[in-house]
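Going in written order, the chains are labelled A, B and C, and every chain counts its residues from 1.
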Amino acid sequence: MTMNLAAQINGVLAALILLTSFGLLASRRVYGLLHIFAWQGFFLSVSTAVVGYSAGLHHLYISAVLTLALKVFALPYILYVLIHKLKIRKEVEEMVNIPTTLLIGIALVIFSYHLTAPVRELSTLMTRSTLAVALATVMLGLLMMITRKKAITQIIGFLALENGLFFAATSATYGMPLVVELGVALDILIAAFIFGIFFFQIRTSFDSLDLKEMEKLKEED
Amino acid sequence: MKTFIPAIIEGLQVFIVLLAGPLLVGWVRVLKCWAQGRASAGVFQPYRDLSKLFVKDVVLAHNASWIFRSAPYVFFGSTLMAGAVIPIVTTGVPLSATADIIALVALFALGRFFIALAGMDIGTAFGGMGSSREMMVASLAEPALLMSVFTVSLVAGSTSLTHIVEAVTSGIVMLRPSLAFALLAFALIIIAETGRIPIDNPATHLELTMIHEAMILEYSGRHLALIEWAGMMKLFLYFALCTALFFPWGIAGAGSFTMAAWALGALALKLVVFGFLIVLVETPLAKMRIFRVPEFLGMAFLFATLGMLSFFILE
Amino acid sequence: MTLLILLGVSVFSAILLAFVGDRKFAAELSILSSAVTFIASIFLAIDVYAGGPMLAGGDFFFVDAFNVYLVVLTAFVSTTTAIFSRRYMRFERSHGKVGKAGMRFYHAMFQLFIFAMLLALLTNNVGILWISMELATLSTVLLVSLYRTPSSIEAAWKYFILCGVGIAQALFGTVLLYFAAEKVLGEGSAALLWTNLSQVSGRLEPTVLSLAFVFFMVGYGTKVGLVPLHNWLPDAHAEGPTPISAVLSGLLLNVALYALVRCKVLVDGATHSHRAGYIMMAFGLLSLLVAAFSLLRQKDIKRMFSYSSIEHMGITTFAFGLGGQVATFGALLHMLVHSLTKSAIFFTAGHASQMHGSQDMDRIRGLIKGNPLVGWGMMFGVMAIVGMPPFGVFTSEFLILTATIKDAPFFAPFFLLGLIVAFAALFRKAMPMVFGPVPPHQTALKASHLPVIVHMVLMLALGLYLPGFLSNWFHSAAGLLK
């Protein structure tokens, strides 16, 4: 595989990751969210593997497999089981309507492009141009956490944000050192478990997973 | 003799547009009948419909103004004009140099504008409703269309269709996410602009849901024939534009007659495939509620913008 | 070896306590483990004081004057908090607020939290620093929701989401830092080692590092509790068990600030400018002012003191941003005295709310008559935290103020305004609680004397006399941070 072709494939994968990020924002169904999230993880994993292959960095394969196992199978499955067990209503509820969120999303993509411009100038890696997409994925995950009401959508936003970080690590530097990457993966796994525990806690004390209920803690005036 | 060659090419091009419009619609109808297990009326049924309409008398409302009477001609004329510009078989269309892709969008908009005016001219409830809906769809579709078209122009480095065709065909094969996004957006826009399912249903006159048909409800005779014909051409032209922008392989270079023969074959093949695609989209889908249309077109706009962004970011 | 004990003991006891945390001796075990950690930290400090900065475990750990004093502080406050939580948690258990599983969880997570903070302080690897900060968040999230009340779960959720998002930004910053470092140091773990980075910081790409610093600021700044990213902090402090509030306020904020300052040193080295410092000053001053004014309208006692923590973190961040020998010295001292004072205040506030069955300040009255130790503790604690002489906070705030007047006189009025508003607010709220007759709903309580007394004595001592070794220490740390 030539460098050029690898860079092109990586570009396409980056575009797909960006597309899935917007898909997460646009989706109205919780199961739909899970599917899109799993796809995003899949593209991320393939992209990591492609970069690993073309740059001859074999530790990236470990990251790719880790991503595949965690983000494509384990986490969506755990979330699926949780949704099923807790009988969460299947619609996504939003605080800001979907078209507006998408427009904000576009603005965020432009913003991240602008922000990462200096890095792109300096980098010599074939993946340098995807860094903007990575930052955009982070921002879009953040946007999703802010504009969606349900706990489960916030979590998917959080995980998408983590995907973006992971992608950033691959595209800016061909991945972080393995120790760090393993540690990050471990942290995410723990975070996912805590999320699970939280679901049950929220469920038992609020009778719903809607964060609207969580408005008690405000400043008294 | 040499001076006539451009005129002949142009004449042939217009002739193809005039004929291929109804043919494409007929083909789509035939395919649809097959898909739904019905007997079809044949590929040439639209020609028969049109010729029947042409011989019928025109019935005009008392309060119809010149706008109502002239709108069919403007619509037909602007559509035909657009047809004269797009490189369909060869890039050597003489008029192609006179208008670029943005002028093309404006030509389509002009025809639509007059039809919408005519819809309101008589003052019936359906006409006004149809016009307002049509303009709503248009106001959402056109930015997306332009955005999508700009993305292709950016890739090709020009807004001239001839240049775009040449740039895309001659360019080295490259995976371009920007073009994929633009194509996706363009596909959605074709559906909206030509009034296909799930935005509008060309085969129904159900009062509450129709858009295009509501506007032209008061037309009859040759006026109706012109509008219908122009509508059919419009579908064909959007298809032609789509192939010129995204799948220009097979379009002949300027001044090569042997290539032009091949190009005709390629065009026919693309038309067949296009018909299949339309039926594939339309058969399983139902028309969406009008309130969902903005979201649908918003999606198109999003894709188009993503295409443009990924051109800047990734390429 | 000392390092191994220092880190190993808390992990080991965390695992052990996960199984036996509900037994009678669990609290004692936790105290023992923290005490051993504390002793180990002192030995480590002596080593560093005698021999200067050192690397350990290959080059995985790095100890210098800056982090070793935070290590000692962390170990010390964790010990006193463990002592405090023995009686405090027994009370909560007997009142049915926590079950057996809750106790196991509490003790185990407390130790894990201490481990995460020590790891964050000691590690030489900027990536591991991030991981351990995240681990510190994760281990405390479920402690905040320990009582399972709707509001505590809400607080924990907020804490989790906000800090999760924040710390994700810090990871992005770390990626950018690695990107810049890789160019100079080559690939692999070596490019993330702080010792290597600080040596070559002058050659790191300035634009990338400035960008990275913005992400670090947002990321670690969220954990420091800087305005406008502070929303999680009052909720988490108010709704969690009091010992956790004490260590969150007294230690975690410090550690997060430590991470931020470490990054700032690199950025300053790369950009050859004071840009990062200005950002920190702006955030610090904003936090100070917003928190001071928010103090005025608090009703919940723990909430109020958590705003005071934001205020003091603002002061410290401001001082670190200001830079210079005096300001940095003041900031280091302020971290120390604030930790000691604030954890003592939380100890007394926890007891006070237990006595009245409520955290509402309107219901807390007559502390001195009801329980002299709690009352006087609260009294002196508040006096200390608002910066009255002769307590330690006065010294550090005075140092920072002098440095401000000298280096950035324009900021001095705002700085003073913040201090004065906070002073007034805290005094107005605290005095009615301390004095006055005993209300009928107050119940007697066996308070935990030792931690409060020890902290108070240290606070006072530090205000009156700064021991030579400590000032030497701060001087050398301030020198490191230039």
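Rule of thumb we're sticking to: a contact is a pair of C-beta atoms (placed from the backbone, for glycine too) under 8 Å apart; a residue touches a chain by one contact, two chains touch by 3 or more.
In this text, all values refer to a predicted model and were calculated from it rather than measured experimentally.
Student: Testing understanding: with touching defined as stated, what is the shape of the graph linking the protein chains, line, ring, star, complete or other?
Tutor: Line.
Student: Taking mean CA positions as centres, which chain lies farthest from subunit B?
Tutor: When every chain centre is compared against subunit B, the largest gap points to C.
Student: Which chain pair racks up the highest number of C-beta contacts?
Tutor: Maximum number of inter-chain contact pairs occurs for A-C.
Student: Go ahead and note the Å separation of the Cα centroids belonging to subunit A and subunit C.
Tutor: Here the centre of subunit C sits 31 Å away from the centre of subunit A.
Student: Centre to centre, by mean C-alpha position, how many angstrom separate subunit A and subunit B?
Tutor: 39
Student: Express in whole angstrom the distance between the two chain centres, defined as the mean CA positions of subunit B and subunit C.
Tutor: That gives a centre separation of 66 Å.
Student: Considering only the defined contacts, which subunit A positions touch subunit B in the complex?
Tutor: Interface residues on subunit A, with respect to subunit B: 8-9, 11-12, 14-16, 18-19, 22, 26, 98-99, 102, 106, 109-110, 113, 129-130, 132-133.
Student: Spell out the part of subunit B that touches subunit A in their complex, as residue ranges.
Tutor: Residues in contact with subunit A: 174-175, 177-178, 180-181, 294-295, 298-299, 302, 305-306, 309-310, 312-315.
Student: Touching subunit C in the complex: which residues of subunit A?
Tutor: On the subunit A side, the touching residues are 115-116, 118-119, 122-123, 135, 138, 142, 145, 151, 154, 158, 161-162, 165, 168-169, 172-174, 176-177, 179-180, 183-184, 186-187, 190-191, 194, 197-198, 201-202, 204-206, 211, 213-214, 216-217, 219-221.
Student: Using the touch rule from the top, collect the residues of subunit C that touch subunit A in their complex.
Tutor: 125, 127-128, 130-131, 134-135, 138, 141-142, 145, 148-151, 153-158, 160-161, 164-165, 168-169, 171-172, 174-176, 178-179, 182-183, 187-189, 191-192, 205, 207-208, 211, 235, 238-239, 294, 297-299
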